[in-house]
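Per-chain residue numbering starts at 1, and chain names A, B and C are given in the order in which the chains are listed.
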Amino acid sequence: MSLNRKYIPIVVTIMLFLVMFAVGSFRYTGFFSFQVLMNLLIDNAFLLITAVGMSFVILSGGIDLSVGSIIALSTMISASLVQQHGWSPAIVIPLVLMMGAGFGSAMGAIIHYFKIQPFIVTLAGMFMARGLCYVISIDTITIDHPFYTTMAQTKIPLPGGNSLSISAVIALIVVVIAIYVAHYTRFGRNVYALGGNEQSSLLMGLPVARTKILVYTLSGFCSALAGVVFTFYMLSGYGLHAVGFELDTIAAVVIGGTLLTGGVGYLLGTFFGVMIQGIIQTIISFEGTLSSWWTKIAIGLLLFVFILLQRMLSAKRSAQKQV
Amino acid sequence: MNTQKPLLQMKQIHKRFPGVKALTNVSLRLFPGEVHALMGENGAGKSTLIKVLTGVYSIDEGVVEMEGVQVSMQSPLESQAAGISTVYQEVNLCPNLTVAENIFIGREPRRFGRILWKEMNKRAQTLLSERLNLHIDVTEPLYMYSVAVQQLIAIARALNISAKVLILDEPTSSLDKNEVQQLFRVIEKLKRDGLAILFVTHFLDQMYEISERVTILRNGEFIGEYMAKELPRLDLVLKMIGKELNLLEQLPQLVEDHEASANETLVTAEGLGRKGAIEPFDLSIRRGEVVGLAGLLGSGRTETARLFFGADKPDSGTLTFADGGSGVQTPRDAINHRIAFCSENRKTEGIIGDLSVRENIILALQAKQGMFRTISRKQQEQYADEYIRMLNINPPNPEHLIKNLSGGNQQKVLLARWLLTSPQLFILDEPTRGIDIGAKAEIQKLVLSLSRQGMSFLFISSELEEVLRVSDRVAILRDRHKVTELTDTNMSQQQIMQAIAGG
Amino acid sequence: MSKIYKHHLFWPLCVLAALLLFNLLYSPDFFSITMHDGHLYGSLIDILNFGAPLMLVAIGMTLVVATKGIDLSVGSIVAISGAIACLTISKGTDQNALGLVTFSILLAVGLSIILGAWNGLLVSVAGIQPIIATLILMVAGRGIAQLVTDGQIITVTSTSYSYIGSGSLATLPFSIFVVAIALVIALLLTRKTSLGLFIESVGCNPTASRMAGIRATVVIFAVYIFCGVCAGVAGLLLSSNVSSADGNNAGLWYELDAILAVVIGGTSLNGGRFYLAGTVIGALIIQTLTTTIYMIGVPPEITLVVKAFVVLAVCLIQSETFRSSIVYRRHKRQDTMKKEVARRVS
């Protein structure tokens, strides 16, 4: 089978990752190692988890700006309950996850039933969650509960002296589950259908309302999970955690080859999108002389290239239709 | 002859909307193994009837029976469960999903909740090749295929829901000849399989080619059910348009004789055409002449008008103007050649709903003059008042939002918008549709008086007597071809009717 | 008299008045304005002065929103413009030289025009959805601003430059005059030329506008440039006020506040009619709200929660579905479902 046009963006993404890794390996000593790859996973575990939720939202034709704030709120609730109120993590973590899911489904319901643009509803959600953080506390709350420190420090050894963190493993599990859900369940396919054409989905008798609300629920859940993982990483709760994170997440999804207008894209692409962001950071830190803002400029550039690529592909698509 | 019982029967259906009787006493019988055509002009009630049948609208009175048993159709799902499936003109599938998914989504074969892709693809392949003779790769996304194939896939989806009744709502509107034949072969096959097919179309040739039976609606009323073979074309057209032959000759002679034939030619179209819209045609318009375009709905009338205005780009042919200019690619080009166009879609292509009557009136003139040569507020008000008086726009308040005006008054505002640009050629597409008798007569009079002052018109209307009343010459379109031109001497409703019916 | 309720400024003004009234009750000297060395001081003046950048950005955003667009990159443009101006001045030998300051301002404004044109190009010519097109500059622009400032805060010691953001003219802060000039320019452009008519026309019904001969591409391109310039000037005000440029934080959240101000002012996110005066009041409401929250001693970050409710409330009021769902509350849900299907099928 020849290369299908639908695979072009994801192939570009994977190639880009490989090229970047190759370039890094040639330029810098110590770059070409398995552990560098593992570190990409470890450092971007929470981005990966959030991006998975965002992928579903974008595939369904929506957008979720509240992810960064929900992460912050999750860290804040966790820290406050564990540190200041002495609750057990066994209760706090499920509670936080439920909070995220509930927050997401409320936004989904407003988007669906009142037909307000997802952009503006999730913007309100973003303000709300961020503001609620400060209602809890304005300052950083450090977490020193043994469970969290254990989660932060435990390394899972891999062959060859490499290791992975627990967070990274959670992120990998989330990706695998997400790939299964997206491609092998009715919910997943309904998300794609919804992103392809909402009106048709309705006429084909698909559960549009349920799917739409579930998508935002899922994204809220993933953000909350990312927030939990974030606490393992940062060992603190703070209202300024993950500011502007929604942009990184959206960028990762788009660089992963998902069409921002919905309906086209792969979770595997999102995985590589996150890895590309990670490798840009790694290269910049290996370079030494380059400052961190080059990351943003590079990501903006990549966004531009991918959006333009998608635009060209979809223009071809509509041209093809007329033939 | 089919002596079977009807598979689906609708009896004395009534459907009212606030202020409108959409369907009055309409009946419909669909027999297994038959193609039943549903025909009627704009506003005949075809789409309302389909929506009733598919459970989108509930009926006010009447009975729907499926195989002799009364059924209720309260929602699209109930209708689907009763075995009624619809394939719309615009394909209602998801272009981003694969062919197989489009057929099966919502009912994918699963084991323990896991979608069995191989099984699904295999079934889709079998379904398409065995029932529709379509051999394509079902793992490709839908957008890779032409509209014709997409339509067949939509039919496959309908069949998979074990449809007994298949409604095809203007399936051929965007297909070319070969694609229509491909579709018809499938329909023939489905007919042999015992399906009852309701075929909504406005192409006469296609109706005669494929249908056994035809039901005609007009203005929401049931005109009759006929066997296609026993219904001459002319009768069909007469029934659709609503005229009896013997009444035809009494034409109110509004037009006093007027010689436009001596005037110079203003614009000439040579071989102008666009694929899928209108076959290449020649047409020239003289100064001060009113050229009517007559034909049934979907015959290419609007498409012709749009090519003259540059609303769609032509793929072939040329437009040449008397002043030596040529070529119209965009509406701006047309406006620069002093062409004006009132679209039939007042809401989407005409009015700017949130703006006032005054702003809507001066919009085209202002656009023509450019951003910086602003028409002063005082001048704007003068123009608005002038046209409100001249065209009798009601309410006579230039600051009223246009979306709150009645259809007739909106139409008058649009006329005012274009008259203000003092066009040489004014294209009117259904200018009197959906507006009251008084306003209608006013618009017709306006066309006549302006043409006497030297303005040329291209006039499109579904109402033949209106076309006849205002036109010096009528071009007849049928099935996207310009078939003939009739001038004063041989212009009677009967002749036009015959030309429209053709064959 | 009943017409007053229907005026588009009625509700925004009511909210503003209510906020001010609350402040007056809470701290009676809220309205007091005093004179020191020829400058007026007082909370009201502060609101105007600190609200100036937001008002500017929101004025530009209004026109973009009126074309059914959105510009997410304004915050980044604010940061870039301030950074470029401060960098240029800080490199000069005599920071107070008028020529240098003028040059740096022109440079910043020129750059803003280019950035606005970039957005306009992507939206009008490339045909990319506004929210996506401007996202690119929103992400990259922040990086560019940090690149310009080298991640540091650039401080300048130019009194001429700081005049823009903190000087005063005729006893009032100079920034108020900048906003007034921008507002007048916007009003002249949109009400004295026919640009305003074209913007509303394109935003309300793009197809019909094209049919009426309006060059939608040019109109859309123009509004993004204007929005870029407004954001650029706002960046100058902001950086001049504190005599420094912070590439990391300057203009953060501005896009959201600006959109909020536009929506509060009565311009719908669905495009069409726009209200510049409403937008200015919207921006004032946001600024007053922030001031109020500061004053009553609640952490300022909690403003966000209030903003969230305001966004939601305004959008719900603008949502037709929501309004009709209140009207038809008695009807069963099934009815609305059916209507919904009918609406979509037809």
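The criterion applied here is as follows: a residue touches a chain if its C-beta (ideal position, glycine included) is under 8 Å from a C-beta of that chain, and two chains touch if they have at least 3 such contacts.
Worth saying up front: this structure is predicted, and the values here are computed from it rather than measured.
Asks: With contacts defined as at the top, give the pair, A-C or B-C, that has more of them.
Replies: A-C
Asks: By mean C-alpha coordinates, which chain is most distant from chain C?
Replies: B
Asks: Taking each chain's centre as its mean C-alpha position, how far apart are chain A and chain B in Å?
Replies: Roughly 47 Å separates the two chain centres.
Asks: Roughly how many whole angstrom separate the Cα centroids of chain A and chain C?
Replies: Result: the chain centres lie 29 Å from each other.
Asks: Between chain B and chain C, tell me the centre distance in angstrom, where each centre is the average of that chain's C-alpha atoms.
Replies: 45
Asks: Would you please write down the residue numbers of chain B that are in contact with two or more other chains?
Replies: 76
Asks: So which bits of chain A are touching at least two other chains?
Replies: Those would be 199, 203.
Asks: Provide the list of chain C residues touching at least two other chains, using ranges where the numbers run on.
Replies: In chain C, the residues touching two or more other chains are 341, 345.
Asks: Along chain C, where are the residues that touch chain B in the complex?
Replies: It is residues 192-195, 197-198, 200-201, 204-205, 207-215, 272-273, 337-338, 341-342, 345-346 of chain C that touch chain B.
Asks: For chain B, which residues count as touching chain C in their complex?
Replies: Interface residues on chain B, with respect to chain C: 47, 51, 54, 56-58, 74-76, 309, 311, 330-332, 335, 341, 343, 348-355, 359, 363-364, 366-368, 371-372, 374-375, 417.
Asks: Inside the complex, what are the residues of chain B that reach chain A?
Replies: Per the stated touch rule, the residues are 76-77, 80, 88, 92-97, 101, 105-106, 108, 110, 113-115, 117, 140-141, 143-144, 146-147, 157, 276.
Asks: Can you check the complex and tell me which residues of chain A touch chain B?
Replies: Within the complex, chain A contacts chain B at residues 4-6, 183-186, 189-190, 192-193, 195-197, 199-201, 203-206, 263-264, 317, 320-323.
Asks: Taking the touch rule as given, give the residues of chain A at its contact with chain C in the complex, in rising order.
Replies: 63, 110, 113-117, 119-121, 123-128, 130-135, 138, 199, 202-203, 239, 243-244, 247, 250-251, 260-261, 291-301, 303-304, 307-308, 311
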